[in-house]
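Structure below; questions to follow.
Read from first to last, the chains carry the letters A, B, C and D; within each, the first residue is number 1.
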Amino acid sequence: MFNEESTSSPGMAIALEMTGVTKSFGAVVALRDGELRLRYHSVHALMGENGAGKSTLVKIIAGLYLPDAGTLSLAGNPVSFKTTADAKAAGVAVVYQEPTMLPHLSVTENIFMGRLPTSRSGNVDRKRMRREARALFDRLGVHIDPDRIADGLSIADQQIIEIAKAISMDARVLIMDEPTAALSPEEVRRLFAITRSLRDEGRAILFISHRFEEVWDLCDTVTVMRDGAYVSTSPLAETTERDVVRQMVGRDVDSLYPRGERTHGNTLLKVHELTSLGVFHDIDFEVRAGEIVGLAGLVGAGRSEVARAIFGVDRYDSGTVELDGTPVRRHDPLHAMGLGLGFVPEDRRHQGLILEFGLSRNAALAVRRMLARLGIITDSRENSLARTWLSRLQVKARALDTPAGTLSGGNQQKIVLAKWLAASPRVLIVDEPTRGIDVGTKAEVHQILADLTHAGMGILMISSDLPEVLGMADRVLVMREGRITAELSHEDADAESVMYAATHSEAVKA
Amino acid sequence: AAGSSSSDQGTTALSVGYVPKMLANPYFDQAGVGAEEAVKELNGDYVAVGPQVGAADAQVPFINTLAQQGRNGIILSASDPSALGQALTTAREAGTKVVTFDSDVEPEYRDLFVSPVPDMSLSKAMVDVMIEQIGEEGKIAILGASPNAKNQNAWISGIEKDIADSHPGIEIVEKFYGNDDDQESFDKTAAALQKTPGLSGIISTSTVGTASAARYISSSSFAGNVALTGIGMPNATKAYLEDGTIKKFVLFDPADMGRVGAYAIRALLDGDITGKAGDTFTAGDLGEYTVEEGGIVQAGEPIVFDLENIDQYNF
Amino acid sequence: MTEVAFTASATSGTRTYLTHALPLWRRTLLTHEAMIILSVVVVSIIAAASIPRFATPLTLSYLLLDVTPILLCALPVTLILVSGEIDLSVASAVGFSNVVIGWLFAEGVPIQGAILAGVLSGLLVGLVNGFLVAVLQLPSLAVTIGTLALFRGISIGILGTDSITNFPVELKSLANANVPGTGFPLVMFAVLVAIVLFAVMLHFTPFGRSVYATGQGIDTARFSGVRTVRVKFTLFLLSGLLAGLVGAYYTFRYGSARGDNAAGLELAVIAGVVLGGVSIFGGRGRIVGVVAGVLLIGLVQSVLRFMNYSSDVINIAVGGLLVVSVAVPLAFTAITQTVAHARRKTSTPMRAEESQHRKGK
Amino acid sequence: MSAIQTRPSQLTAGQRFAAVLASRESAVVIVLALLILVATLQNPSFLFGPDGVRDLLLTPSILVPLAVAQAVVLITRNIDLSVASILGLGAWLSASTLANNPGLPLWLVAVGAVVLGAVLGSVNGVLIAVLGAPALVVTLGTLYIYRGLNVLWADGKVVSAVNMPKEFLEFGVGSLLGIPNLMIIALVIVVAVTWYMRSRPSARELYAIGSAPFAATLLGLPSKRRVFMALVASGAIAGLAGFMYAARYGAVDSQAGSGLELSAVAAAVLGGVAIFGGSGTVWGAAIGAVLLVTINRALPILGVPDFWQRAVVGLLILGAIVLDRLLALRHARKLSEIREKEND
């Protein structure tokens, strides 16, 4: 346990305090003994791997989730938020990780919904609302038409509106869950300037980000979480990036990534000048048998979009995809699957699994046609297939008809992997394969991927987890704003070169 | 004469189901009153069942149920001439006598049809009342009830025939249907009057339509310019006699059909008649009836209502 | 792909999995479907015991004949609801097929040709729905309200005030015939075949799996190689095809073709399907439940008619069944949650996020 | 930054005008105007006949309030199929009360119909908003139940013009300054609800709830209460429409208004109300209702036989939603083109 007096700047009153907060979703314990202490006049960072429970903690403070146990107090008074309205009323403003726009309403109404300004007669005061929205945008230095409807806004603009919304609430406690994930450096700079001025006004701010430089730039204190549990809180001045990483991951990072000697065979997947207007451009690369190709870049760089286009879920405008010399039809995943392509998508809950289906139905979904005999598919055939793959991947579950949605994140991810391994693909695209899964499972997944390459599979791995890409990939492609800006060999790829290519358009193709 | 002698010979008790095209319709309610009275006079058991709205197949389940309940008579006004065929056949095979009234089915599906009045005499009566008002010259429209009902079509073609035969100066320029629905008849009348300027009169073969059309006309600028007549329910139409929208209208007493229907069932059960032409039976106070060609019995004669006699009727 | 040696699995021993988490009786008896089937049985027994003349072959025959059109339409509509869409135009498709048959027959087309054209007409309705819903991805509720009006309008337009009735007697008696000496209508063999076909299709084929996947998670379905557009299109075609066949059956069952035939049948179909446990939000429901749901409605109607109730009471009963079938489970959950909350006093589980998302029509 | 922005402040007057024309409501107004124009050219009495204008205004006066009620519910991503049955009960309450108590003030009866409608709507509200049952199923059920209750209550009777006080009947067909009384009521409803939906914070929350229910929860909006109130309002308006129905047609039986629920949904969809919530305006739904009803009256004049009218209505509904989709697709393509330009 850390010593409170030694790690916090004395003289700053506590704005929000959370102790012993626990939250589980069915079998998944998202947060155990969560702890947090925010002070006025301070920007507090919250760090932790994907799935560490940061957002869950935020949602409890926001009143969206009711905690299973633990206490929360604001300015020393115990509170218990039943709804998000309660938290708002108590002076807590939240920027959620995923923007939550009202697509049919105007930008202005999105900012003020729930507390629309009214004139004396009780009508919505549109003029005032618009004026205030303009003022907010000026302050943030962005140009979004306050009268346009929210539908069709880019993720970046949505994020800015979320920030404007939170700022406009004039809250004493401001919580921002990865607000910068989609922003450009210039926008980030402005956001930081505003955040600092809010801090100087005396507000307590919680800032969540996976980017170390941002945290060191903006914050004064950092709390680290791991596997849903509180690890430590320390003033940033007294800690280093290395310490934080060690606390986040819990062990030596390098030992995670098994890389035996790999021999690369012939080219399996060949993507040529793939373009989807406004999304990505002239994407060119190959994946060979027995090779892991990493695709790195910031969130929003268009990596998942490329993968989806290759697999055929999304349309594209021009270019070709070939698998082992055979052209893959546009916009036809079934055809791609027939040729031996598999795809573990990034959003396992909405793209990978049917949450209400049992495990065996999920595992058999991609191979349903092959499982059928004379057109008839039976539970027993699905079950025997599922038994094989679930036990190979060591899925922790009791019964085969357990709804997939009730498994823990890591086990859900394994079901998605099982589903695709059952289809015996030659090339497997994995998009954020270890997002939100615990350290142990993460190592297991990496081991599985390594084993697959040894058996001759080609793997295209998209990951926002830089150490993972660097550790696993034989070659690293870096994307920025829809274009490949660098191709680095395993030896040349390091954090610096990848991040440089991810943020600069004129990167060298190595 | 034959009927009354055999009714006390200990034959099976009368058990009649009355099935109108739709419930909650004053016309059919009045017919039901007659049927119920007659069944009671014959010491029988009476039940009125049916759908809320007229549709071809909606009556089928009710007829089936009556047959299953073992009722020995059904008095029916059919929404469709053939859709009930199978149900009626099955019922009759089980011994149920089927008498239709007001709107017939194909003859092979029933024992007898009680027509309110001879079709032609009703059509003639309507045309005569109209001629009285507009003279032998002019354009008229016809407002019908449902386009598929046999009696409607019979009356309308009767009107057309009478006009063609005896009133060459009259031209029927428009036919429209209100489906025995207040709202529809009202709106369609409005549309028809606008569509065909210079109309001298409307003959409505729908009792509901007559009142609705009167209501539209009386509140519009057509009041006094367009003559309206046809068949109508005395209670519902009285107000328009009083305000002058309608001078005279025609009908018969629907209760007579019900009464005759009930007595016919008794006679059929007793074997006094079989439904062939020339058979005769007595319907209580109404007197003796003779079955015409095609198994048809005429229950009465048209009544012309005007301000003088309207107060004698209450239905 | 060659066999992969899994290092991970080599380290820890093989796992075993139960096939089912719950024992058989709980999986089969504590379901919505079982409740509906039980209701059918209980109502039949009570009615047979307490209503004179109810328990006859004739009752069965009439009940089955009455539910046949509803049941046949309910089968594809079940699949459509499972896939997350809705079809309100079935009754208009039935009517359209009925009118086309009557019209062509009256125009002198041989009856076989007329029937074929009628079935194709039903298929045409499905084609239009499928194109608008699956291909253009328009909301099926709005689309099928539109096609409901359109094809009913065309039917009324074609026949106008006419009613075609002179259909061949053999076909009419075939449509109404029973297996000799029983109360079992011949047409029920066709219905049974259809039920089995649809049950197999939904529960035992890859296509059925695709239908469920489409309704429960259309994105996951697409990411799993389900051609969701094709699936939905096929379902609407099937619905049109069955409606076309029902239109032909209807023609001979009632020996009549007219513009307003089968109007309003769509509500009876939806009512039966929903009562049978199919979720209006897609992804849930089974054919056995739907068959039971349709039978339950037919049975309740038949019993009430037998007791000389008229259609007002019957409609209240049908509406009540519908409301009760959705409201009671929800009320039950709400009550158990409140009780659980009261027990734990300070903390409750988060109200299901999913239910917020799913809130819709 | 690659944000896409369209700035109306920089649009020319012409572009703004084009944008207004492109809105669904104006499109419907234009179609309506064209329809009246063509029908009048074909047959001048359509508009200039003695009752032309009056009938043009009177005929839609029942469907307009129903469409308004439906729009409010649709905007919250729900649906109310029971409106026509509620109308029926409101009509029967009004007609039978006035028949039995001819001296009663009309406004009192109207209030009674509104209260009855609100009570029936609140039953829907409890089941849908509070329990969370699907609106389509619940209101399909109450459609049957309410109509059945109506039949039981009416007990096979009909209240016809003769039974009703003269004053009521005259009110039903009378007009003020050339505008039929009933249309005045309908207009008051449209104006009031439009004002409310545009101006009051609680109404904007209805849009928010329909637009993204989960986001509305995140924002802390009182979704249950709002949806409940929307259904109560829908019932209340339908009850009032029942009163108007009785005044208009002067004859009420237990089937008054049956089948109008689909017309109400169709009118709202035609007027640009999205069936999945969040968008559309109340006056759009109202104008949709006017178009729907006027088409029915104009088609015979345009030489389309009576029998084909429903088909035309169906085509119109389909046309409206297909058009919506095409416009949305065009919009999306434009956005991606803009994005493309900015990227280069």
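FYI, a contact is a pair of C-beta atoms (placed from the backbone, for glycine too) under 8 Å apart; a residue touches a chain by one contact, two chains touch by 3 or more.
The chain lineup, named per UniProt: A = Monosaccharide ABC transporter ATP-binding protein, CUT2 family; C = Autoinducer 2 import system permease protein LsrD; D = Autoinducer 2 import system permease protein LsrC.
Note that the structure is predicted; figures quoted are calculated from it, not measured.
Trainee: Touching both chain B and chain D: give me those chains, sorted by label.
Mentor: C
Trainee: Out of C-D and B-C, which chain pair has the most contact pairs?
Mentor: C-D
Trainee: With chain centres defined as C-alpha means, what is the inter-centre distance between chain C and chain D in Å?
Mentor: Taking the mean C-alpha position of each chain, the two centres sit 30 Å apart.
Trainee: Using the average of all C-alpha atoms in each chain as its centre, how far is it in Å between chain B and chain C?
Mentor: 39
Trainee: If you average the Cα atoms of chain A and of chain D to get two centres, how far apart are those centres in Å?
Mentor: Whole-Å distance between the two chain centres: 44.
Trainee: Between chain A and chain B, what is the separation of their C-alpha centroids in Å?
Mentor: Their C-alpha centroids are separated by 75 Å.
Trainee: Name the residues of chain B that each touch 2 or more other chains.
Mentor: Expected reply: 23, 52, 177.
Trainee: Quick check on chain A: which residues sit in contact with 2+ other chains?
Mentor: Those would be 64.
Trainee: So which bits of chain D are touching at least two other chains?
Mentor: Within chain D, the residues that touch at least two other chains are 147, 151, 214, 217, 254.
Trainee: Could you run through all the chain pairs that touch each other?
Mentor: All touching pairs, sorted by chain label, are A-C, A-D, B-C, B-D, C-D.
Trainee: For chain A, which residues are in contact with chain D within the complex?
Mentor: Within the complex, chain A touches chain D at residues 62-64, 83-88, 96, 100-105, 109, 113-114, 116, 118, 122-124, 142-145, 147-148, 152-154, 156-157, 160, 184, 186-187, 277-279, 281, 481-482.
Trainee: For the complex, which residues does chain D have touching chain A?
Mentor: 1-9, 198-201, 204-205, 207-208, 210-212, 214-222, 274, 278-279, 331-332, 335-337, 339-340, 343
Trainee: Over in the complex, which chain C residues touch chain B? Could you list them?
Mentor: 53-54, 56, 58-59, 62, 66, 160-163, 165, 172-173, 176, 250, 253-256, 258, 260-264, 301-302, 305-306, 308, 310-312, 315
Trainee: Touching chain A in the complex: which residues of chain C?
Mentor: Contacts found on chain C: 1-9, 12, 14-21, 200, 204-206, 208-210, 212-213, 216-217, 219-227, 283-284, 346-350.
Trainee: Which residues of chain B touch chain C in the complex?
Mentor: So the residues of chain B touching chain C come out as 23, 47, 49-52, 55-58, 60-62, 64-65, 67-70, 80-86, 90, 94, 106, 147-148, 153, 177.
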